[in-house]
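The structures considered in this document are given below.
Two complexes, one shared chain (subunit A), two partners (subunit B, subunit C).
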Partner chain A sequence: MADARTRRVKKEIQDIQNDRQAGLTIELVNDSIFHLIGSFPGPPGTCYEGGKFDVDIVVPETYPFVALKMKFLSKVYHPNISSASGAICLDILKDNWSPILTLKSTLISLQSLLCTPEPNDPQDAEVAKHYLTSKSSFEETARYWTETYARPQTNEGRGAPSGTSKTSHLPTVRDEVAMAGLERAHVEQFEALGFERGRVIEVLKRINYRGANVPKISEDTVVEELLK
Partner chain B sequence: MEISSEDLELCASILEDEITVVQSVYPESSRVNQEGLTGESPSDVSIVLEIPVDLGETREVKIIDDGTIAASSAAVSPGTSATNEEGNTVTQSSQNNITTTKTATNPDPHSTISHAQDTQQTATLQLSSLPPIIVSLQLPPAYPLHAPPEILSLHSTHAWLSPSLVSCLRAKVFSLWDECRASGEGVLWRLVQYVRNGDFIPELSLLDDTAGAASTDTTITTAVPLRIPHAAPQLLAPRLQAYDAHLASSLFDLKTFTCAICLSPHKGSACIALSCAHVFCKDCLREFWGTCIAEGEVERVMCPDEECVKGGRKAREEEVRSVVLDERVVERWKWIRQKIELEKDPTTVHCPMEWCQAPVRRPRAVKEEEEESQWDRLRTCQSCQYSFCVLCKRTWHGPLTVCPPSVTMPFVLEYMSAGADSPKRREIERRLGKNNIERLVARYQEEELNKKWIDQSTMACPGCEVKVEKSLGECQSVCPFRAAGERLRPGSPVDR
Partner chain C sequence: MSAVESSLREIGDLTDAEIFALTQNIKDEEASRNPLISPLEPLSTLKTEYEAGAQAFVRKIESLQQPPHSFAGIRRARGDGNCFYTSTAFAWISGMMNLTSENRKSVVESALLDLEKSLNSLKAVGFEPIVYEDFYEVLTDLIRNILYPVSTGTVLNPASLLQQFQNAETVNSIVIFLRLLISSYIRLHPDDFEPFLFNPDTGDMVDIKRFCEGWVEAVGREADHPQILALSRALKLPIHIAYLDRSGGDSGTGKVDLVEFDSVEGETSPILVTLLYRPGHYDILDKKAEEPAEFLVS
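Let's look at the complex of A and B:
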């Protein structure tokens, strides 16, 4: 069976390389066809447009009878993708996997996942909350993340947890706040009370201090959270 | 009429051409006796055409009783229709044809009798092809320009065309020949096309007019079912079905499919078409389903196509059987599936026997409003035959004996602590029966009240410890089991 797996994976890689139209790319890691890095362009007309998203792909022993193991290497701001680890919440990578799915069709599914977030079945709860509270603010943040982490032709942002060091040409202040999808005024307001910027961002992010939620959360509550 | 030798040569060349065409396009349809064709002197050429009827797509075919059996005592049975095949070779007129079949009826009286009794039978089938019509022609040297083909025989495999329709078709051969002759062509190619494409179907009025379709235009309307009159539909139906299935499977075996799992092409014989019409190679599907079954993920034993996965269409048993082959794996698949099915059912409890633990279903579907009898507590394990009470899980103690409160207490308390109409209550009700649990709750509450009353208004007799009601104040209470007059004193031993 092992050689059937090899044959199939080789064929799938070739299939992706032959089809330039879809804009997918695939590279081997350490010359093994069972550990790959695939990439696809952000779907046009979305806040991910213009980005090139890298995905780490591990082909399991019993492939194609069990799902490919995939996670994003590029940081993505999306309710179904962990902003920290890149883990993906997608039915076909879990229960709905079928052996007729291929590297290509799965990458295309990921691309379409970016078009159609499922905030009610989130992987990243904070991002999902942000999405549900204020879609326009969410989109702005997602666009910012795309610009910062998923720019094509650079390896920037690949797997890097901290955005600040890599994006030195952008003002650091703007960076951290925008990255969290928060209002600068809000952050500065609490910073003025003597709290550390990092701590303020962390807390405001956690309690989803955005858009329509802001009037609902009193300043005292925020300060209490900050003091915890 | 004198025919010049040039004419004969022309005829021979037309014939040669048309035989070449037919043989190259439908090699399986024609057998030619080449002698006449290659010989020096022009002689008769004989050709046998075996022309299958392609209905294009799956259509409804009704086989109706043509009433021949009911009409005459010397009825035509399918067995005798089959003898047509030989009978036709001798005689050519349709009149003779019938006579032959009638005489041939006699050697087969059994089938005639048994089927004469049930008249007016109709069989409806879904077919995409009909068995071949076999035409044996003798082509004289002057054919096709000056002489018609001579029909040595014309019959249908399994005799699905009734004798009268066969004679219609014979007449049609000549009219076709006439048409073709006008344009200087032979009739063979035209005839093969005519039968193969089913063009003869409307002309022999085989379309079901009752379906409301106009049969006046001779094109086949795909929606119109076919209507085949036959002496014995119940005998013909399985044969047509078998032929169709055989043809479909041999066509399938010859085709090449690209399996979506291994992405390699395979011959149809190594593949399986699932009931959803998706085709996979058996090796891949065996591997996939085998892995799923081995890991207990029977929910995934389904067609791997995306649509089917989304639709949750589970594989059928015959599909799993034909793919997996290993009987033990199939058994495991069935066993796990059954287990999951049973566990989904909230009325299922597990057999209390430690070594058994088989799921036991509620014996019959009881409507919740329906009065449940005390027998409703009885469960019998289908696997070890142990009969037990669903409430206390002990050996069945009859409908009247109540379960010991110590056993039923935990779930009665659990039931009572759950709010009214809570899912927990519904679940317990479904598992144990609504009335059963309500009876237990009533009894429990009564017990509790009783206990409370005993605590408040009785005390134990110091001598025998029987609780005695404090009716007239403590000093007045008298133990009925002790000698009259013995007083219960305050400060006597604590109640138990």
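Let's look at the complex of A and C:
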């Protein structure tokens, strides 16, 4: 009966390939239909618009009775997606999985997850804090990540942090600061006190030095954190 | 720090995904020790399990053994969140097998016809054939096997039915098909169900779509009244549930609450499924205490 799974997965792959309209793509990894890379376009009208998001998909042995294993290969700035590992917090990939879901409908659910972040059930706590403190600043950062990491043309270097592999895009001060969703002026303020820029960014990110939080956190507190 | 404290602290450090994986592992491990469906055993063995503890349970089991109930056996289902579905499917199919030969043919054939018709309901609520056709095939092949030798060359008998219910893929397929049948029935009869749909974890009311996605279609979610009612109507199968709980207390009369889900009022069905409910779990009740003698021979 193991071929029921093979038959179904083949049909599901075909289903994606036949439907050009949804804009989804699916490729096999090492010629296996049980390890795939799916992709979808960032939803229009969101800070992910214009991006192409790649997702690593493993079809478990007891599929479709257990959930597909999915994680983002493209780096995404989103409260429910780990900015480091691409791990996803979505109910249908855990205890709300149902065999009526397919490769196609699950990829579409990920696409709609990008439209509807759930910051109160986060996968990435730092990103969620950013989202809750200042939505406009969060969106600016997410847009920046989309432009940097989810460009449709650049297939090579997928998932790898930009900068190191792409010599034409050497990181600048603006890059790192924007990537962390911080204000350049804040970073420079503490750099001027003699702290190394990377350390300043790390600490300001961790304590969520953004928006309405800034007046609540004294300079001394920040310095204490920097000295830890 | 005690071992318990240290393990609690470790659990606190885990992410949601890790906790989910951990509880899933515990559930799977617990579940894999028990068969999906067990051979019949005398109801008195269940009574013995409670004798040292809850007397209310003992009295209720005794009253199930006596007229008018007269149950003698219990067939246990694995406690994996699917036990209502597994139990009902087994009792339904075995009920069809136990009919007299002239009744059997017409009941099996009308069940197959109804299942075929139900595909229209599944389509009507938006399920794609790709997600249900394999499950449909597994269930209908098994039912057809009551009358006709399919691939095995023999018709279904009590021993081979029990054997089929040891196969996880077969049982999962049947369970999912029943779940989809229920979901489509609820979605197509909103007025009958909408006012009674609650999130079992929070007690909040939920709409039909959310209820069906979260507590009917999702694997391993237990069934409650709305699911049982919908399945009984969709299969035109009366399902009775004997509730074994502490109501009435340890010194009570031992009267068992029997909730009867009858498909359509006034319509009589040749098959009746009776399940035993203990908080969080369903098993099958049977008038026989053990498997028939010819069981072992075949």
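Brief remarks follow.
Operating definition for what follows: the second predicted complex is superposed on the first by the 215 of 228 C-alpha atoms of A that agree within 3 Å, B and C clash if a C-alpha of one lies under 4 Å from a C-alpha of the other, contacts with A are read in each partner's own complex, and residues count from 1 in each chain.
In this section, a residue touches a chain if its C-beta (ideal position, glycine included) is under 8 Å from a C-beta of that chain, and two chains touch if they have at least 3 such contacts.
Because the structure is predicted, anything quoted here is derived from the model rather than measured.
With the C-alpha superposition on subunit A as described, subunit C and subunit B clash in the combined arrangement. In the superposition on chain A, contact is made by A:89 with subunit C only, not with subunit B.
Of the two partner chains, both subunit B and subunit C are touched by A:12. In the superposition on chain A, A:4 makes contact with both subunit B and subunit C.
More residues of subunit A are touched by C (comparison of subunit B with subunit C). In the superposition on chain A, contact is made by A:100 with both subunit B and subunit C.
Shared-chain residue A:65: touches subunit B and subunit C both. Only one of the stretches 43-51, 61-69, 97-105 or 187-195 belonging to subunit C overlaps subunit B in the superposed arrangement, and that stretch is 43-51. When the two complexes are laid over each other on chain A, subunit A has residues 1, 4, 7-8, 11-12, 62, 64-66, 96, 98-102 in contact with both subunit B and subunit C. On subunit C, the positions that touch subunit A within their shared complex are 16-17, 20, 127-128, 130-132, 134-135, 167-170, 172, 176, 179-180, 213-214, 217-220. The touching residues of subunit A, counted against subunit C in their complex, run 1, 4, 7-8, 11-12, 15, 62, 64-66, 87, 89, 94-102, 121. Touching subunit B in their complex are the following residues of subunit A: 1, 4, 7-8, 11-12, 62, 64-66, 96, 98-102. Subunit B makes touch with subunit A in their complex at residues 260-264, 284, 287-288, 291-292, 304-306, 309-310.
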